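Just so it is clear, A, B, C, D, E, F, G and H label the chains in written order, and each chain counts residues from 1 on its own.
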Amino acid sequence: MEIKEMLLQVQRGTITVEEAEAELKDLPFKDLGYAKLDYHRKLRSGFPETVFCQGKPDEYLGRIFKELYERNGEVMGTRASAEQYQLVKELLPEAVYDPISHIIKAQREAKKLEGCVAVLTGGTADVPVAEEAAQTAEFFGCYVERIYDVGVAGIHRLLSQRERFQKANCVVAVAGMEGALGTVAAGLVENPVIAVPTSVGYGASFHGLSALLTMLNSCANGISVVNIDNGYGAGYLATQINRLALK
Amino acid sequence: MEIKEMLLQVQRGTITVEEAEAELKDLPFKDLGYAKLDYHRKLRSGFPETVFCQGKPDEYLGRIFKELYERNGEVMGTRASAEQYQLVKELLPEAVYDPISHIIKAQREAKKLEGCVAVLTGGTADVPVAEEAAQTAEFFGCYVERIYDVGVAGIHRLLSQRERFQKANCVVAVAGMEGALGTVAAGLVENPVIAVPTSVGYGASFHGLSALLTMLNSCANGISVVNIDNGYGAGYLATQINRLALK
Amino acid sequence: MEIKEMLLQVQRGTITVEEAEAELKDLPFKDLGYAKLDYHRKLRSGFPETVFCQGKPDEYLGRIFKELYERNGEVMGTRASAEQYQLVKELLPEAVYDPISHIIKAQREAKKLEGCVAVLTGGTADVPVAEEAAQTAEFFGCYVERIYDVGVAGIHRLLSQRERFQKANCVVAVAGMEGALGTVAAGLVENPVIAVPTSVGYGASFHGLSALLTMLNSCANGISVVNIDNGYGAGYLATQINRLALK
Amino acid sequence: MEIKEMLLQVQRGTITVEEAEAELKDLPFKDLGYAKLDYHRKLRSGFPETVFCQGKPDEYLGRIFKELYERNGEVMGTRASAEQYQLVKELLPEAVYDPISHIIKAQREAKKLEGCVAVLTGGTADVPVAEEAAQTAEFFGCYVERIYDVGVAGIHRLLSQRERFQKANCVVAVAGMEGALGTVAAGLVENPVIAVPTSVGYGASFHGLSALLTMLNSCANGISVVNIDNGYGAGYLATQINRLALK
Amino acid sequence: MEIKEMLLQVQRGTITVEEAEAELKDLPFKDLGYAKLDYHRKLRSGFPETVFCQGKPDEYLGRIFKELYERNGEVMGTRASAEQYQLVKELLPEAVYDPISHIIKAQREAKKLEGCVAVLTGGTADVPVAEEAAQTAEFFGCYVERIYDVGVAGIHRLLSQRERFQKANCVVAVAGMEGALGTVAAGLVENPVIAVPTSVGYGASFHGLSALLTMLNSCANGISVVNIDNGYGAGYLATQINRLALK
Amino acid sequence: MEIKEMLLQVQRGTITVEEAEAELKDLPFKDLGYAKLDYHRKLRSGFPETVFCQGKPDEYLGRIFKELYERNGEVMGTRASAEQYQLVKELLPEAVYDPISHIIKAQREAKKLEGCVAVLTGGTADVPVAEEAAQTAEFFGCYVERIYDVGVAGIHRLLSQRERFQKANCVVAVAGMEGALGTVAAGLVENPVIAVPTSVGYGASFHGLSALLTMLNSCANGISVVNIDNGYGAGYLATQINRLALK
Amino acid sequence: MEIKEMLLQVQRGTITVEEAEAELKDLPFKDLGYAKLDYHRKLRSGFPETVFCQGKPDEYLGRIFKELYERNGEVMGTRASAEQYQLVKELLPEAVYDPISHIIKAQREAKKLEGCVAVLTGGTADVPVAEEAAQTAEFFGCYVERIYDVGVAGIHRLLSQRERFQKANCVVAVAGMEGALGTVAAGLVENPVIAVPTSVGYGASFHGLSALLTMLNSCANGISVVNIDNGYGAGYLATQINRLALK
Amino acid sequence: MEIKEMLLQVQRGTITVEEAEAELKDLPFKDLGYAKLDYHRKLRSGFPETVFCQGKPDEYLGRIFKELYERNGEVMGTRASAEQYQLVKELLPEAVYDPISHIIKAQREAKKLEGCVAVLTGGTADVPVAEEAAQTAEFFGCYVERIYDVGVAGIHRLLSQRERFQKANCVVAVAGMEGALGTVAAGLVENPVIAVPTSVGYGASFHGLSALLTMLNSCANGISVVNIDNGYGAGYLATQINRLALK
């Protein structure tokens, strides 16, 4: 349809061949050489591009943040070290850093938080991953309910908080070790549960593999899984679901 | 709140101690001895209980279907063999069977299909898992768009169908072997993608492990994963998301 | 001490050198060539030797059962096929077979069942392993409380049965798929929980590996694990614990 | 029954609706926000809550120890570094630290040690895990018999100590590398053996996986397994068994 | 040296260029197209070529046996099915078959059995692999001492047979499940122990992986490992060691 | 460029808007519903689409072969069973079947075989995979040199054939078990080696995993790896390389 | 043939026996004791020997570089640390170092870059491995086209660069995480694709295993795989293919 | 027999009851509490006890060396760090240290080196493990032939050294990465080959797992495997074989 419209305009002469060609060939990203910043992403998906900081060379990092901030009026980066924050801050003084979630962010104006996403953790050691999820969802405009240290070994702790997460449009269940939190939570709610295995544990937890397998094999319904320690992915997906519910 | 209300009624004498006790102790399932059928599930989650047929002893299977059908007016079972269908049909003549998806179902009245869930497959061999997802979503009331054999080795096939799945409230991406379909799809849509690895493949596919890892490590956003070959789980979750969007 | 006593008797001449030598060298087993039956086991451990039938050559099986029955007045075999039972029955007509647990047994006189062992399962498909555990414990003299299909995806089913297993000296928790039953149960009881992973499941359950890892990584206390599908081992261990409690 | 009693009292007016509601809703834990301390645990299970120190943020650690000590009159933490001990000691001067087992503990009054738990190790390098088990059992009131460096490659060392561990109510067998100690020990005793694989080894020991698999596949009876290096879990479970034997 | 001698003869004219070229190029095997039979192997290694029957196409099998028998006066094949034996027997009536070890062999004249190789098994189910090892060693001229069902869960059975295997030049220890037999045996003897893991077991034995890891991680000295179920490899290696001791 | 040309023609009116739209939207595949046949593939890559028969439903198979044969004048399918061949033959009488390689093919006219691809195997059992590679390369027009049963345990067999594979433009090295053939071959040639691990082996070969890892870790240069048993992939790739050399 | 010629010359007396013997026995490498430098490699394969620096003892490193440079007039080393470079530079002042690719090289004269190899990366973090491949290919004389950060989660970035890599004789696709770049690229080109999995990622990427499996299971044709992070191997192989195309 | 002799002497009165009891109960080890030094080991096996230094607490290490040296007149320790050597040297000034093999040893008098053990490595990086094997064999009295850097990617290097290792009573083949050296060597010799996988490599070598699997799956005969990096085990076993050949 769009193509037809353009072709008709070419035929009519309302746009030139060169304009049409440019449009058809236009690159929806900015090429920095070492990186291709995706400016159309916000239009396409409703989410601006986010920076995965871990492993990014120092010389590129600051510039990527700055470019994205200037274009989008906001920028968020995950898995950032305190050293990386210092580098970013030099170029982008608006940036702030949270040492628990390892998130750097800058936002020209505060967003209104809407709907509801609940974030649960099995233990205290899962909190950093949970905060990555929670702050991601908040950055994208979700209201977040945090319910931490409600692992299934003491099931009364989870049950006592039931009302708080049953009302959420999406529940993010973050747990390491044996990772059963997602299954029990999914049995108690009506809406989707996103399970995030964490690398918390030792021995046969194999850096999160045990929790991952537990979650994939959940005998509950309405549960899906993201990568080990992937709080960002869970927060992003929870936002998509929350937005659908708000529409 | 509910507890308070009940206690107030006990105090007021509008319900007896025995009634309140029964209510507080009432078991939200029917105990057949070998199985505990969850009748409150439909109230709690909006979904009736489904039967996972694989491995269920023959003597129990028919009765479970019958009990659920009588209670809920509809029943669905997954991973059923043709032999199991014969057993069920004897007790429940309304039951029908689809040999591709291995689903048995019976429904007193047809549901209106609403919203939109898109189901994609990488290849032809992934169709049985995709059909399990699609028919599950349809059983629960979703309109389903099927887009099969659009694996990423011939990317033009996927791109040419873009419009059909971009409008869906949720995309289910079913793929075996290298399993990259989910990532590419998630890069093209605004709404959640549920990736279903299949055990299709050979050699180093390790019965779906390769596709599973690919999907967990997806560098796209808005994607989560269910167990290998778990079409039912994907269809269920897609329904939850579709319902949220319809509310 | 015993050695000293014997040596003193040799010195005194109350026993001969040959007698002492025989005593010191006596083999506490009967050598059938292809197998060495352990007759002292009952004295040493309080448990007669049990037959692991799977993989035993047909020509040996009947004779092993017969020898043990004659010596001990009772015999039990696990993982027996219906064909193996026919072979055993020809030599040992007292033998009976249970097709659910795959146990063959013969007992000259019924035992009194004492104490309490609770056996829980996550689902219906875990029942064969649970029955192997339950019947093993009964064969060794334990009273067994069976509580089946109480998986954690519908936590109310487990909670409603709490009183029945909280009084047991030992809880055996049998579960496949995500295997979280052991953790939740251990959080509710005072006594040891033996977790038995089962090979029930598909995909990333990897034939019980997922449930095994879940159970090893349990964040609950008072829980230990036996091999996948090892109902016999759990029943044996539960009996040891039950006996300690009864002493 | 308890519920009935409470409801009767509400009816009779001997307790108010508000009191009953509070009782029914009362949380059996103290919520510090980042952690939910389980005060009812001692009543429920006979064991006070223990602190798993590894990975706990510094700012929380001291307060958790202090809260638990004040409530329970005793507190124990495992996997603590020397640095963590310094933090705890500032708030809780009664705390002492053992650098071999990495245990911090404080106890208002010494417990009487009763019954018998034997702790065996395969080699000298397994001693830290063994000490975690031994000191845990002692903290919970068990008499412990330590028998170290009795690996099966020199079987005479184990056999020579037989009398010392055959009398125990429970044997804890701690071993890395090929991990066969548990099997041989279980063949020599009447009571339960808890096998603890350790991460001691190199190459194909895969950080304890080899010992773990050995122990899970033990052809001996009366043996179960806890997570790699989980001395605490073994000590806890041994205590449960020892207490059952003492009752 | 040999090369020099040949060159000198070429120079002297005692052999022609063509003869020398043929000698230098001569293939030390017979090329059947689908297989290259290694006739020089007996000269090079002292062992004739053996046939690994499993997976060999029917049309080739008989001819390979016949060719080798005619050349070497003896032939042995391992992992042969009863059906394969029928095929071989048609072309080579001298062939005999043992259904336990799955070995087909034909020998023009009986060998004198010398030295001593001891073959131990953990259980009765390990006997087929043990027989492959024992009969291989016998085929190559070793005297074999068989000591079966002496697994370490009943250590007295192994200790009582100590004298029989301590005198051997080489001990082959065959065991599945937890596979600890090799370690204990190696601690009792002066000569090399070859450990053969078997696929006997279930659950977390992972088809022999557990026993394999146990044996590789053995804390005993003088032990090495061959592939899972590789009785032939162990018998061959034991023969090499036995021959060295006899020289 | 092509786009510009088309737009210019639209402007000039030499093609209509509808024609241009059709061209830009035209699907380069034929949609059978259950499969999307890729007709442009031959133009795009120089190779017609091939049918992976394993797992294809019977009702589709014949039609897919027929469609492709009619379009391309030739068709090849891999991993076909004898039963599948019967189905195909009914619709496409020109089809022939090779039971060793499991390839079905039909070609209107014979191709000239050019260049040189050498296919090596470690043993006789690797021949089926090698034939899949060899016949694939021949189907696509390569001259193939077959050199079978030259495994590295008898290195003289490989060395004696050196001249035959050193002249090839590409060497395909097919081996199971320990899979070292690729490394040794790559050390002897100047051109690329494609290593194909096979699932031939037992025990710790883990269905080809051992050979796969060997090949990936090869210390030789100029070697790359395809999936376990993927003879087709190796033959295809060898053809690409052979064609480049012929250009 | 060569052997025949030499023998004829011996016969004719044009070379002496000693000369012929020397030739036949001559070692095509220089033995430094700790290393055997392969001087004939350049003649045999057209490539000089390269130094894998990682793990090489400091005392040897400089001398190996120097020897090779003097012999070949050029030398390249991979996986070198900055410290190793300092050591090399002392002995070989011509050496230069690139900190991104970790390559040390020295070349007496610049090579003409011919043909075309395209190197693609999924993300920015894959650039170091890509540069190892690109600079290796350039060292061996290939013209290299670099196309970075074109991962499949934003497929338009890859498609927009299509023309640049479709003309290459060989495409090297470097990607971590889910590693799908190779498959999509192979579907777009006519020539071979070499896929290089990288260890970039976290969680279930298992240090590159996920990307490796993805690439091995690729449903595209014309793709093969090298070891994780093996940029050098890919660059070497790409050069072989590029040279074949140029011949 | 020995027991009988002793009993006869007790009967005769030539030894007292107390002497006999002591003899029968005497512990063939010295108990240091944290370690049990095995003094009878040299008598039993012909080898004195060796110290595995890695992970031994500092306070014990020196004393263990001193005790063993005083008792046996020689002592060897493996996997020692330079720091550990300093600790040992303070108590035992005779100790010397080799930083390549990480061996500490002290010997009152030099041994005569007899027989022949050949030690081969695939590359330079395997030398430390090879030296552990070689120096172990030398410590126990073997003559050792070292042949390093003869990996199979340049097969001529290995073939040119053939004569040097074909005469050995035992060949130790040390290799990492793809680990094929053992197979090729075993195809060239008559005597046993002990394969030692090393953790040398990267990516899919998985810290030696690849080399280990290669060696276990070797298609050569007369080869067995020890743990990854276990040079000591190989040297010990080679000594046993060498001694048998010398007897």
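By our rule, a residue touches a chain if its C-beta (ideal position, glycine included) is under 8 Å from a C-beta of that chain, and two chains touch if they have at least 3 such contacts.
Since this is a predicted model, take the numbers as computed values, not measurements.
A.B. asks: Measuring between Cα centroids, which chain is at the maximum distance from chain G?
C.D. replies: When every chain centre is compared against chain G, the largest gap points to C.
A.B. asks: For the pairs B-D and B-F, output the one whose chains share more C-beta pairs in contact.
C.D. replies: Pair with the higher count of C-beta contacts: B-F.
A.B. asks: Taking all residue numbers used at the chain C/chain H interface, answer same if over half belong to both copies and different if under half do.
C.D. replies: same
A.B. asks: Give, as an integer number of Å, the spacing between the C-alpha centres of chain F and chain E.
C.D. replies: 38
A.B. asks: So, what's the distance in Å between the C-alpha centres of chain B and chain A?
C.D. replies: Once rounded, the distance between the two centres reads 25 Å.
A.B. asks: Cα centroid separation between chain A and chain C, in whole Å?
C.D. replies: Computed from C-alpha means, the inter-chain centre distance equals 49 Å.
A.B. asks: Mind checking the centre-to-centre distance between chain A and chain E? Centres are C-alpha means, answer in whole Å.
C.D. replies: 59
A.B. asks: Give me the residue numbers in chain G that touch at least two other chains, ranges are fine.
C.D. replies: 25, 154, 188, 203-205, 209, 212, 216-218, 221, 227-228
A.B. asks: Mind listing each pair of touching chains for me?
C.D. replies: Every touching chain pair, ordered by label, is A-B, A-C, A-D, A-F, A-G, B-C, B-D, B-F, B-G, C-D, C-E, C-H, D-E, D-H, E-F, E-G, E-H, F-G, F-H, G-H.
A.B. asks: List the residues on chain F that touch chain B in their complex, please.
C.D. replies: That would be residues 25, 27-29, 33-36, 38, 41, 54-57, 60, 197, 199, 207-209, 212, 227-230 of chain F.
A.B. asks: Show me the residue ranges of chain F that touch chain H in the complex, using the header's touch definition.
C.D. replies: Answer in residue numbers: 122-123, 151-155, 159, 177-180, 183-184, 186-188, 201, 203-206, 209-211, 213-221.
A.B. asks: Any idea which chain F residues touch chain G in the complex?
C.D. replies: Touching chain G: residues 44-47, 50, 169, 188-192, 194, 212, 216-218, 221-228, 233-234, 236-237, 240-241, 244-245, 247 of chain F.
A.B. asks: Within the complex, which stretch of chain B touches chain D?
C.D. replies: Contact set of chain B toward chain D: 3-4, 7-8, 10-11, 13, 17, 20-21, 24-25.
A.B. asks: If you look only at chain H, which of its residues touch chain G in the complex?
C.D. replies: Contacts found on chain H: 124-125, 127, 148-150, 154, 156-157, 160, 200, 202-205.
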